[in-house]
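The following blocks contain the structures, represented as structure tokens.
In what follows, subunit A forms one complex with subunit B and a second complex with subunit C.
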Partner chain A sequence: MKKIIYLIALISINSFAQSKYLTKTGTINFEASVPSVEEVKAENNSVTAILNSDNGEFAALVFVKGFRFKNALMEEHFNENYAESDMYPKATFKGKIKDFSMDMLNSELEFKLDGTLTFHGKTKQVNDVVISLNKEDDLISASGNFKVLVSDFDIKIPRIVRDKVSEEVQITYKFDLKKR
Partner chain B sequence: MKKKILIIITLLAITLLAYNYMYQDHRDIASEEPEFSITPEQIVNTFKTNLKDSEKKYLNKTIELTGIVTESNSKDLTLNHDVFCQFLQNQNASLNANIKIKGRCIGYDDLLEQVKLDQCYIIN
Partner chain C sequence: MKYLLIIFLLTPLFVDAQDDLLDEIDTNATEGQYATAAFKGLKIVNFESTKLVAKDELTFIVSHRFGSVKNGIDTFFGLDEAVTRIHFVYGITDAINIGVSRSSFLKIYDVTAKYRLVRQEENGFPFTIVGFNALLINTALEKENLPLLKFKHRLGYTAQILISRKINTDFSIELAPTFFHDNYVQMDEQSNSQFALGFGGRYKLGKRWSVNADYGLHLNRASNSPFKNPLSIGLDLETGGHVFQMHFSNAQAMNTNGFLGQGTGDWLDGDVYFGFNLSRRF
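== the complex of A and B ==
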């Protein structure tokens, strides 16, 4: 009888042991610069990202106010006029890595990611975002980059700065996900 | 002649003002007086019960918190499992120490149920 209870306990522990990898200090950079004018770029290193290694589900949460610019006035304008971070303080990504398998992660490998990106209160489906994954012991590093359009998120660039800010935004990310 | 000098001085002053406006300094959280002094449990609970109002109240504000260090890494620490604090410089608070910190609230992380602060400083 005791053995059976132990067995049940063991099985249930195993099935409830969620294999999640996460970081609270992931990095996301974006750049919407136009050549030969002051660069428009920012870095956020407070990103929370979680990977479920059972099925490849991936989620990231970004606080918009955590984007730091070199130019303080640009940071203020980004928060007040473009991202409207008082009204929309969060940006999120929810998606799934296609054909994900933990067994393949012994060397750096590229996967494709499908999901939805929410920013400035607008949600956009993004498909086939390249994500390279590499596993070392209890750490999975995930990185990649992709492009979005400012207009996809209902952000209007005023005419006077239209030749200083690119309509196309390059986003780069890097997460060192630790097993927990 | 006098008029010319006056015009030049005015132009210089305007340029200087414009330059200072465009390249103003970042906020210095370390020198700001905290707007709120609160415990880690209190701030997490207010965010859990009323997200929208708490965001209006606390986001981008300098907050002072006292609590027990439950996790400590080189550039971040966690207070009472509830508040995640990031530092610009390296920090070396020891686990289970009772400390007081100051930082800028950037949001409530509903994935981990933690409030996040950046640009933190240890007061004592």
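== the complex of A and C ==
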């Protein structure tokens, strides 16, 4: 009986000490440019992201209004006409890194990430997103990129700008996650 | 005792079992985020809106007001008597704009400054407050008609506070207390310094178009003045870098001093002017 208590005590201490890595200043870029017209590109530097290093679960959250474009009018149109950020202020990602193990993180290594991306009130399953992880002391840096289609998120590009905005959006992310 | 201990030790396991990483970082803190685009155009219809041109951008606005539609086909609903204003606005910063314009209504040149003092925040400050000033030069006054005319009589000034609130995604309103001064007024009884209160609003009918209206309540118009308070109603259509505004107004002038002080039309008589503002960003 004593042994069982010890075991439970150990597990529960372990789960108290469950290690999570967090950032509130992650970066997400997206680009939907068409060659040889004005670039459609924005960056957000206040992304919150969290990694559970016990099981590889990963989540990220971003306020859509925090995306900065070079062109202020483009930013306004993005918020008003495409992302409708008054109605859908947040974009989120929730998923799990496949075959994740803390022991492997001592050099930069690529993993695959499965999860769901929610934007503009629509949720889309994304699979096998490449994520490079590297651990240095208490910091895990995670980065990668993937592509989505605007039509997956119920966003329509009007005909008059169809040759200026790409239907395919390249998303790049970089998070320096600190041990919490 | 033993069981208590087990239960106590098990508790964190259950707690952990139900947590979701996303919930841990989810927050509704939107404080400090500014409300975007209370108005699409730099003007509601006649009144300046609280929108500014962004830093280092140049916007070109051409505005037309046809003559009164009252005369019908005789002047082709005012086409023959159209007046035009050409206006350039440049953003020194996102919060400070300067502009120059020339209107064919009384051949007025003007220089304008528009500057944002506060911005509306979500769950924060409820209004956007913008100041607007203009210096106008009326070059239509002739020495033959006014022998004592000096250069100073050609000058006019505008000082305006624009207070807007985006109530929800579709609906925005604005209040515009205005002081304006014309060194020359057409009627002796009219005091040169004049006060007015502007009201304006827009309602979005779709993502890219809205219905807009504004009204100017003149507070010290001379009792025998022939001029009327301006009421204007129009549609805004936005297409990429352009904003196209079409409207009807009972004032033909496009400068603040003009449409507040010298609006001659009357909605009740069908004496209104069709017009449009077209803006293009560079």
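One rule holds for everything that comes next: the second predicted complex is superposed on the first by the 166 of 180 C-alpha atoms of A that agree within 3 Å, B and C clash if a C-alpha of one lies under 4 Å from a C-alpha of the other, contacts with A are read in each partner's own complex, and residues count from 1 in each chain.
Note that a contact is a pair of C-beta atoms (placed from the backbone, for glycine too) under 8 Å apart; a residue touches a chain by one contact, two chains touch by 3 or more.
The structure presented is a predicted model; accordingly, all values stated were derived computationally and were not measured.
Clashing of subunit B with subunit C is the outcome of superposition onto subunit A.
Contacts of A:E80 after superposition on the shared chain: subunit C is touched, whereas subunit B is not. In the superposition on chain A, A:F58 makes contact with subunit C only, not with subunit B. Judged by the touch definition given at the top, the superposed model places A:S46 against subunit B, while subunit C stays out of reach.
In the superposed model, A:I160 lies in contact with subunit C only, and not with subunit B.
Applying the stated contact rule after C-alpha superposition, one finds that A:T25 touches subunit B and leaves subunit C untouched.
Between subunit B and subunit C, more residues of subunit A are touched by C.
Counting contacts by the rule stated earlier, residues 22, 48, 50, 59, 61, 63, 65-66, 71-73, 85-86, 89-90 of subunit A appear in both its interface with subunit B and its interface with subunit C. Residues 2, 5-6, 9-13, 16, 20-22, 24-27, 30, 33-34, 36-37, 54-55, 57, 94, 168-169, 207-208, 239-241, 281 of subunit C are the ones that touch subunit A when the two sit in their complex.
The residues of subunit B lying in touch with subunit A in their complex are 21-27, 55-56, 59-60, 75-76, 84, 86, 104, 106-107, 109-112, 114, 116, 118.
If you check the complex, the residues on subunit A that touch subunit B are 22, 24-25, 45-46, 48, 50, 59, 61, 63, 65-66, 71-73, 75, 85-86, 89-90. Subunit A contributes residues 1, 4-5, 8-9, 11-12, 15-16, 18, 20, 22, 48-50, 52, 57-61, 63, 65-66, 71-73, 76-77, 79-81, 84-87, 89-90, 92, 94, 158, 160-161, 164 to its touches with subunit C in the complex.
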